[in-house]
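My questions will all concern the structure given below.
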Amino acid sequence: MINWIAGFIVLLIKSGLVLGILLLLASYLVWVERKLLARLQVRLGPNRAGKFGLLQPIADAIKLLTKEDIVPAAADRPIFLLAPAVVALTALLMFAVVPVGRDLVLFGRSIPMVISDINVALLMVFALSSLGVYGVALGGWASNSKFALIGGIRGAAQMVSYELPLGLSLVPVVMLAHSFSLVDIVNAQAAYPFILVQPLAFAIFVISAMAESKRIPFDLPEAENELGAGFHTEYSGMRFGLFFLGEYVHVQVLGALVSVFFLGGWRGPWLPGPAWLFVKITIVALIMIWVRGTLPRLRYDQLMAMCWKVLVPAALVNIVITGFVILI
Amino acid sequence: MVGWTAFGPELYTCFVLGGVFLVFSLLPANPRRDYVTAMALAAVGLGISIAGLHLTGDLFADTYHVDLFSQIFKIMLALGLLLAIYLCEHLRGIAPRRHAETYLLLTVCTLAMMMMVSAVNLLTLYVALELSSYSLYVLVSFRQPRTGGVRTAVRYFLIGASASAVMLFGLALLYGSCGTLDAATLMTLLPAAMGRPEVITGLTLTLGGIFFKLALFPFHFWAPDVYEGAANPVAAYIATASKVAAIAVLIRLVALGGQNVLLARALAVIAVITMTAGNLTAIVQQDLKRMLAYSSIAQGGYVLIGILSMTPAGYASTTFYALVVLLLKFSCFFVLVKVAAGGRNVAIDDLAGLHSSSPILALLLMMALFALAGIPPTIGFTGKLLLFTAAVQRGYFVLVLIAMFNVVISLYYYLRVIHAAYLRKPPRALPALNLALRDRLLAGVLVTFTVAAGIFPAPLIALAEAAVRVLG
Amino acid sequence: MTIYALLFYLLAAVILVSTAIAVTRRNLVHAAIFLVASFFASALLFYLLGAPLLAMLEIIVYVGAIMVLFLFVIMMLKEKPASNRPAARGRKLWTATLGLIYLLAVILLVFATGPRGQTPLTPAVASPAAFGRYLFQGHWLGIEIASLLLLIALIGVLHLGHTAARRTAAGIEEEK
Amino acid sequence: MPIAYAGFPFLSAILLSCVIGLVTILFMPAAQHRRIKMVSAVCSGITLVISIYLFLAYDKSAGGLQFAERIAWVPSLGISYFNAADGFSLPMLLLTGIVFFTAVLTMWELETRVKEFFALVFLLVAGVFGLFMAQDLFFLFVWFDVSLFPMYLLIAVWGSTRKEYAAMKLTLYLLAGSALILPGIIYLVVKSGLSTFDMLALMQPGTFTPFQQKLAFLLFFIGFGILAGVWPLHTWSPVGHVAAPTAVSMIHAGVLMKIGAFGILRVGIYLCPLGWQYWAPLMALLATVGIVYGVFVGLAQTDLKYVIGYSSVSHMGIVGLGLSTLTIDGLNGAVFQMFAHGVMTALFFSSVGYIYDRTHTKAIAELGGLSHSMPRAASFMILAALAGIGVPCLASFWAELMVFIAAFKVYPLYGTLAVCALVVSALFMLRVVQRTCYGPPRSRYAQLPDVSFKLGIPRIILATVIITFGFFPSLMYTMIQTASLPLMGGLPW
């Protein structure tokens, strides 16, 4: 019983820590992105609130929280209210299975540095990411507005399609690691990170992951030139904030996943595990921002064609080759 | 490897037939090439199935059992495929660029049915059943005009889906109460467990999926619509090969339960309702295919009589009857396809004057219908005699009496068709049907076989008896 | 009652209620969402019974793929406001009768079989590897057949989709 | 029962002759009417010759089944091709041969769809012959149905009044009969536990319990009774007679209805004697009602063929009455009556058919004075009518006499009723003859040709047979006796 209670307390602490750090990082990721984009476009970016605009995220949060929360009259109220939460929640939950470091030994008790190590962790990531679709699709539909609906439909189609290469690109990883557990996958990379043996899978995964996160060049669900703001056109205040938050948490989660699957997770010389993970996440996030600042948006048919005609076949071929090599 | 030899007919059907048409369906449409290739390959397939008659073996972790019973049915299925493809010569009901896909689907459906008759794991059986059903749904939807075909297919699909849901539920109950879906294990467990309500419910619901394939009450509603809405050769295939496979599976499943009175009673009720409903509704039909559909429903009722005897004699008679259904229904559809101008449907009245425009077709139609009604000395009579004898041996005398009266009812609408073909004057003089020599030859062979096998049934009966002996 | 039993009945109740709501909604999107809830609860039930893999697959496949596509179609079709005309009485009666028969049968079955089935299902935590081995060693023929089934379904869907595309194109031309 | 196997398969030869005729006709060009008719005549002639030979060659002192031939057919089911003839079947074979041959000759003038007509007739007759000689239940049933099915087309294509209705009604009625017979046969075969369709094996006393016999006999009685025209299941018969073309009417009334009675005798009585005994009172009642009903309904008819049709119902009632008496005399009379009625009614239909072909009417009111314009046709008809009444020195007299003697012993009331009905029938037959053949000659029939010699041959043959057996009844009587004596002697009660 004592054991159980202790475990429960440890779990709560771990969850709280992860949640806090994630949210904090998310808000500063916004700041980093704005700054970096501005630099890429030869502007200054936010620089009024605090030194280098460092307080800008806090100002934004206060602004969002205090804004009026408008629900359109024709909207489907319960779903309208629910949708943003789904987006933020699924993004946050994905982090529960990401290991951040070596087991910690505290008071003679070994504490795994992961909130939950389940043997189907990888599938859980997929399950959650597929649930994220609902937030977009339902948010768009419930707004009862043309632009939002089109955005929602685009989002649903895009995310469902890209889940396929996303999943298929990870099959070789699972084949190499012999496990669905992220902890095991990281451990399997003790010798070398999988990016060395699975460069193709890495490329597919990163591209699909970016499409999943609906960021430029894959941001058709919210393409502002055509759709206003896409599926979240009608949202305001903190509900909009939740979509926003979800997106940036998602970026971090993707960074974490890329590092777990291909970059060896928290493993690395000299630095402690969590620090390595943080570095890797940051690098991935920065690359994503860089891409955003560089590439133009795809056309919708190009988006779909790339998924079904390039990524999926490539991922399948990759699986076959990997299997072949393993069998030999 | 011995194991793969036993899988020969299926392998051939899957890779040669299926592969060729998968490639063809990607090439530009060429109906003639498709037809000739299909005929040739299907004929070879029949040969391979016949060559594989005496193969035996257990494959795929004992989920697949190759024995005389399954091989005989596979021959019938290969024959059904060949005959169905034979009818596809002009295939006017389906757009030319769908022809290769039509053959592909027919092939895959046959493959699925071959697997159905060999599958001894109920899960494998279920998946195979679904595969055959889905092929048929798609085949039905190919019919032109598209809207009509698609509508029929959707209706077919909805009923099929509910039937397969029922079957799945039944399988779940069986698995839940026996802990296995392997036929051999079930065979040892079930007879003792048949007293338990969940077991008998499970088995009955499982049978429900087969009832759908065989168009038995309460899953018979699809048959007339589908026959009417499907392209003629497809309808022929549904009426022949599909029934044969369903009969085989039904025999295997019912044989699992040993001799269970409760199940037999349930089947008896279904048989009576099915054949009576089928025959009574057939009387008022004007469309030939609809009438044939209701007659198929009724035939399903007779089939059930043999099966519910639950004796080797009963199963043997049902096996024999499967061949009867295959050949006779094909004969009817052969005439129908040849008469149908432009691949459309045929009303019974359209047969008027058939006697003068093509005597051989009229004769074939008459023989087939009389045989379906069980008139001696045709193969149909022998089949019914065997069925009814088996049933009376188990004391289902009243059931046989009811069945016989159904036969009388069925004769009424068969006579209507014969009347139209032989006596009715066509509204305007019809041109003589120009049948190719091979068509005439086939018609002649069918007529001869219908009578000859009725007069000398002994070898076929012996084969059927040998087939069911392996059921154990 | 152990905590597992409690959870079991709780989940079962959720499944029943949400499915019941799903089939009675006139708003198709709401119905779909309740169905999603039902699938979710089923997945949890799987998890409870020691099949985490199945639980995840249930969510990925049913919730994540199938229901999204449903929703997608519903949204694309721009669901018309459901008419308030009640269904034909005959059909209602028919449905109700079938439902009642089913309900009676199930109740009878439950009481006739007693609280426990005769074959105890031993709960075991099935690891993905064990599950995969069982599936692909014992049932690989079935899986191959299923893959063929998908091929066929694909052909069918292409055919149907083609039909629809053609019709819309024809319709647009007619309008011109 | 003693069996004598044949050195030469005469019985199969009869069937083969029919089959050869059938196949030959099928492969002949449809336009060659004359050749088709020739082939028909030759083949039917062969059957007639063989059946006469068999009738004469039968060893009456030995009795039992003779000319037997047997081949195992489907051993696993106990089906064998088993033909034999005894004192009951030989008269029937003879009858069939006569009627068949004369029917073919009667249809010499047919011009429409000749090929199919004769092909179907051959099929039909093959069934009839087969049934009369079959000793195996399976084959018996097969022949039974084979003989029924051509009737549909024969009536529906070549018939006259309401032909399609009549054909459909007839076929469905008769098939309903076979729907009872087949389960009955299966029931007996299964219950015997012998797994054989061989009637000799099933005939052994003690094979069936009384209940089984009662049940099966009822099935056979109703099933075959429909074909035998047992009241109240006879309604198909007059309609069918009227609609059918002449030759078909001849075969139909002359032979086909006998199949029914013969079936009751061969299957019902031989296999289920206890059932026969049990149901005999019912049989007697129905038979008597049939006799009386046939006569009185016949009285009201205005159509010549209907008259004969209803008189057939009445005459077949006499057969039924004979069978129901459970006596040797009754049996003898019944079988004799089957033969006599067959020949007589064939003659009747052929003469009426001739009249109809020439005058194009069957209405009694429109005919009259035919004896002036066509005396030969009229005389055949008068002879047939007299035979129908049962005038002494004609075949049916002896048959009816034996039946009534037996009936008076067993069922005095029914016997009296039947005799009274017969007197009435004599009145109405004479009235019909008087209306049609005598009276003032009608001018519009004056120029019609009389029966030519060629068309007269079949009628002369029939008339000769009637008169021969009228003068020498013992020819037939001793023959039937060889079968009826052992039958009654070997019965369990």
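A, B, C and D label the chains in the order they appear, each numbered from 1.
As a convention for this text, a contact is a pair of C-beta atoms (placed from the backbone, for glycine too) under 8 Å apart; a residue touches a chain by one contact, two chains touch by 3 or more.
Please read all numbers here as calculations on a predicted model, not as lab measurements.
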Separation of mean Cα positions, subunit D and subunit C [Å, integer]: 69
Subunit A-subunit B separation of Cα centroids, rounded to whole Å: 54
For subunit B paired with subunit C, centre-to-centre distance based on mean C-alpha positions, whole Å: 31
Distance from the mean Cα position of subunit D to that of subunit A, given in whole angstrom: 96
Touch-based graph of the chains, sorted into line, ring, star, complete or other: line
Touching pairs - complete list by chain label: A-C, B-C, B-D
Touching residues (chain side subunit B, partner subunit C) in the complex: 14, 59-61, 63-64, 98, 101, 104-105, 108, 111-112, 115, 119, 121, 123-124, 127-128, 130-131, 134-135, 137-138, 141-142, 146-147, 150, 153, 176-179, 193, 196-198, 201
Residues of subunit B that touch subunit D when the two form their complex: 370, 375-377, 381, 385-386, 388-389, 392-393, 397, 400-401, 404-405, 407-408, 411-412, 415, 418-419, 422-423, 456-458, 461-462, 465
Touching residues (chain side subunit C, partner subunit B) in the complex: 105, 108-109, 112-113, 117-119, 121, 137-142, 145-146, 148-149, 151-153, 155-156, 159-160, 163
Subunit C residues touching subunit A - in the complex, by the definition given at the top: 27, 29-30, 33, 36, 52-53, 55-57, 59-60, 63-65, 68-69, 71-72, 75-76, 127-129
Residues of subunit A that touch subunit C when the two form their complex: 76, 79, 118-120, 123-124, 126-127, 129-131, 133-134, 137-138, 140-141, 149, 152-153, 156-157, 160, 163, 178-180
